[in-house]
Amino acid sequence: MEQTVNTLSNSGDVLFMMLGAVMVFAMHGGFAFLEVGTVRRKNQVNALVKILVDFSISTLIYFCVGYTLAYGINFFIPAKDLMAANQGYELVHFFFLLTFAAAIPAIISGGIAERAKFWTQAVAAGIFVGITYPLFEGMVWGRISLLGQNDSWLAQHTGGIPFHDYAGSVVVHSMGGWIALVAVVLLGPRRGRWDHQGRSTPIPISNVPFLALGSWMLCVGWFGFNVMSAASIQGISGLVAINSLMAMVGGILVALVLSRNDPGFIHNGALAGLVAICAGSDKVHPLGAFIIGGIAAAIFVRGFTWEQEKLKIDDVLGVWPLHGICGSWGGIACGIFGQEVLGGMGGVGFVAQVVGSFAAIGMAIVFSFTVYKFLDLMFGIRLSEEEEMIGSDLVIHKLESLPEDRTTSFR
Amino acid sequence: MEQTVNTLSNSGDVLFMMLGAVMVFAMHGGFAFLEVGTVRRKNQVNALVKILVDFSISTLIYFCVGYTLAYGINFFIPAKDLMAANQGYELVHFFFLLTFAAAIPAIISGGIAERAKFWTQAVAAGIFVGITYPLFEGMVWGRISLLGQNDSWLAQHTGGIPFHDYAGSVVVHSMGGWIALVAVVLLGPRRGRWDHQGRSTPIPISNVPFLALGSWMLCVGWFGFNVMSAASIQGISGLVAINSLMAMVGGILVALVLSRNDPGFIHNGALAGLVAICAGSDKVHPLGAFIIGGIAAAIFVRGFTWEQEKLKIDDVLGVWPLHGICGSWGGIACGIFGQEVLGGMGGVGFVAQVVGSFAAIGMAIVFSFTVYKFLDLMFGIRLSEEEEMIGSDLVIHKLESLPEDRTTSFR
Amino acid sequence: MEQTVNTLSNSGDVLFMMLGAVMVFAMHGGFAFLEVGTVRRKNQVNALVKILVDFSISTLIYFCVGYTLAYGINFFIPAKDLMAANQGYELVHFFFLLTFAAAIPAIISGGIAERAKFWTQAVAAGIFVGITYPLFEGMVWGRISLLGQNDSWLAQHTGGIPFHDYAGSVVVHSMGGWIALVAVVLLGPRRGRWDHQGRSTPIPISNVPFLALGSWMLCVGWFGFNVMSAASIQGISGLVAINSLMAMVGGILVALVLSRNDPGFIHNGALAGLVAICAGSDKVHPLGAFIIGGIAAAIFVRGFTWEQEKLKIDDVLGVWPLHGICGSWGGIACGIFGQEVLGGMGGVGFVAQVVGSFAAIGMAIVFSFTVYKFLDLMFGIRLSEEEEMIGSDLVIHKLESLPEDRTTSFR
């Protein structure tokens, strides 16, 4: 019977990770539709293809390089050996973490939409998923002795408490969002976003139902993102699930009020709350999660307007405020609301959270600037003026979003 | 090893509830798209936002009030105490049952679409989810000694057999559908639904693919709705899964034949079958489920036409026949097809099922009338004539469904 | 405690199968949207209804006849007896395998789209799911002593190694694809696909986002298709999950390169990879899976063009190259890349794989020709010229895809 229990425990872990991986994989469909709904119709096809292709490139690179960098695992051994331990648990663990890694290019994609070159961005995706992301991931969750559990120096300076990021507010979202900021700035705004006198002329989004569909796909999958970060079925925590729910709800309601019922902000407010709760979802009280999510939505609504109207940064989906700033906020918030005095589980340190959150920002900016500057000099990162006017769909993919409409007089 | 088995059992329960909760949460996306596809394009954005916001309000109210009312649980204790028992099982149990409770406003939403005020309906949602629903829920599944297991009076009069509603045909669907009926009647029909001579002029739906997408999302999530109503992995029943399948299929095929291949009726026929099977899904034979679902679809197809053409009630998505009448039918059908003589598992009483089903109708009508009459007197529940003509999207959300189409001459 | 362990093991199996069944059920929504996006707008509604109705007919027939044929199980016993063993495991096992069986008409549907009669095809669906499919399924996975584990004759001629098809490259996909080929040829091309001089005039697809949505729904559900083919939680294999991932990614990347960034080929390339990996997903190394998927996409891209432009077969969604040829390739590839010398798990035979793969082709062609010839003589299988021009939506369902657009001058 002991063997049955062991098998059940192992197979439970494999199922747990596999379900998480599939749920987060489905989130990438959500990234795609969120972008489809937000960009103009002439760039919808490109949004769909980018997400799928960047995910595929990420898979290959992370399998060959990234995962090894972060965790020291080598998959170039016979299948029998891959399956030898725990029914292939390491393989589904890879799958799960790949879906996190591939979120980096998916996040960037939304910022640089409608004017970036396809292949240059594919190369950038490969570099971030193969090197940048695994380096930071390896510090927080893996074998690199910095920031995380293995960092004795940081621990010494923060009372023995390492940087904590349960499900990636900082490791995934802020990393992606801050990388995207640099890319968006280097790329420059879309033609027509500001007129000749520098006046803001917002470009209308194409399709609210597709935007909403993307948001729904992301919200649903996010419960896998957070809950399955336990990495083992026996580590599952009901608190993580409900905190994700409460932060999402807080995000929706604050975005509703602050944006005066704007559908774009409301559907993204849900995501802002979810971005911010990842880090502390295992630590804070559900009411703390509600507040964290609510503040995240406020950051997003105000930050997006500030970014666009004051800083004049044309971040199409607002991925910097959404993933970048809200991710950093999530890392820091974990150090506040995770405290026992605020009803949290305790065992988190404010200083460590601030250090970790800012470390990610610094690393993202340095890597992103280096990579995009290099790619810009080598190949150029932006479509030509004419290509941008025609749209990525016809230029890159030779097909529009609704091909039949072009060829028939009445649809 | 005993500890491992205990942990496995507990974590299995948490996973089970969490998966169920996420599946039913995804159904709310289905409610949204079913409405998006059915209303006119000028009200699509409103459909999306309503579902998301009412879900969020429901979460907050049910967390603070409703769940406590029904089950006597208080969540205002430190996170450590919330997690103390069974890895936070109570939290995911809340999450799962919240997704049921939030179905009440989601059901109503489809009936009152295209002319109801946003904030008044949000308040109504809060009242139903905070008070009305938990009261009835508490009787059937919770701590209130009426109708359910704890009702010795009813049991005495029905041979010791309490009212049985496994997954909410009555508790959720009929409650929501009958509340909606009153709201729809008080609200009155959309402008133009009947012409000046009172002749019926049906308002065309906007988008069949979105309607179908909504139906698919609902159907897929419904297996979580029913199967995870076991509330514990060890209570899982293959019969519940297959009965849901068979009732759905029965609903599709009967709707196909009766409606002569109408896509709206067919996609809603699947839902009619699923509404009706919830109550007895653990009790009836798969062939009984097929018949229950088939009859439900007949009720929906005929009931919708009767409601619209004879009663002249402008229930946009037909939520009263779909959730109301089919829900009541499901409660009663459990008392018929659950009998051993019809191949069922037995242990159900026809009288108890009739009593429970009618109790829900009475309670729904009384509460709904009181709440909407009060709200109508205080704030008004209906948009102005001009607002209705412009459409909820521009009036409430300042944005249309396809914003780009408004601003470019060629899309 | 032993009882708890037994219950946990049994309920884990039921949950495992149920999750798999629901995931593959959701794939049918994917089949629907893949077709919606690919056909012209005047046939979108028909695509949605066909999938739902054929799934329902399949459920009924497979419950009453097919499953019994393949596995010798009879469901016409009281519910109590159905639930007696392992919490109703057999019922969810049926549900899971039904979702496979129903893939046969779903595959055919994409090939014959835009000109086939609705009811004739419904009858054909019933015959294939009731008889043809279960016969072959019963050989490979069930009680019929041919090809599979029980085939001593084949085993004798292949060194004791039976035909291996883990998740249905051959049993499901090639069977469906080759049946579809015959149907498509007998039906003839859509009007206007080739002009009067026989020059190819490709008919534009309607909607790339819906095509992509369909592909995403299929990809996500496919992990249930493959992983849950273990049929028991204790048999779960991480290798199956990652091989599915790698084959999908290989398919995407090869389709990207060969098609020069065509969105239709890229989204179908993912599916081609997944079709081909089913058979050997438990046997090959992840890099083998990547190659299998890449070759499958090459077969699809080149095969589709060859089928359309050289063979002049109007297979609307390209289901013959996608499911038929890639399915056969998957069966054979398992016999190559499953070998230990190529890093695989071993225990597969090249000859057995070739025999099994060709047996399916032969059986598909014979059955398909017989059934469609008979139906054509009896009822006709094709819409009239006028009906085809008007479109299936108005002719069969009396409703178009976007009904509101017809009746308002401005949407």
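The letters A, B and C name the chains in turn, as written, and every chain counts its residues from 1.
FYI, a residue touches a chain if its C-beta (ideal position, glycine included) is under 8 Å from a C-beta of that chain, and two chains touch if they have at least 3 such contacts.
Here the structure is a predicted model, which means the values were calculated and not measured.
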Exercise. Does the chain-touch network form a line, ring, star, complete graph or other?
Worked result: complete
Exercise. Expressed in ° and rounded to a multiple of 5, what is the rotation angle of the C-alpha superposition of subunit A on subunit B?
Worked result: 120
Problem set entry | subunit A and subunit C: spacing of chain centres that average the CA atoms, whole Å | 33
Exercise. Counting only residues that touch at least 2 other chains, which ones in subunit C make the list?
Worked result: 5, 8, 12, 19, 213
Problem set entry | List of subunit C residues in touch with subunit B within their complex | 1, 4-5, 7-8, 11-12, 14-15, 17-19, 21-22, 25-26, 29, 32-33, 36, 44-45, 48-49, 52-53, 55-57, 59-60, 63, 75-76, 78-80, 82-83, 86-92, 94-95, 98, 118, 210, 213, 396-404, 406-407, 411
Exercise. Along subunit C, where are the residues that touch subunit A in the complex?
Worked result: 2, 5, 8-9, 12, 16, 19, 23, 40-41, 204-209, 212-213, 216, 219-220, 223-224, 227, 233-242, 245-246, 248-249, 252-253, 256, 260-264, 266-267, 270, 283-288, 290, 340, 343-346, 405
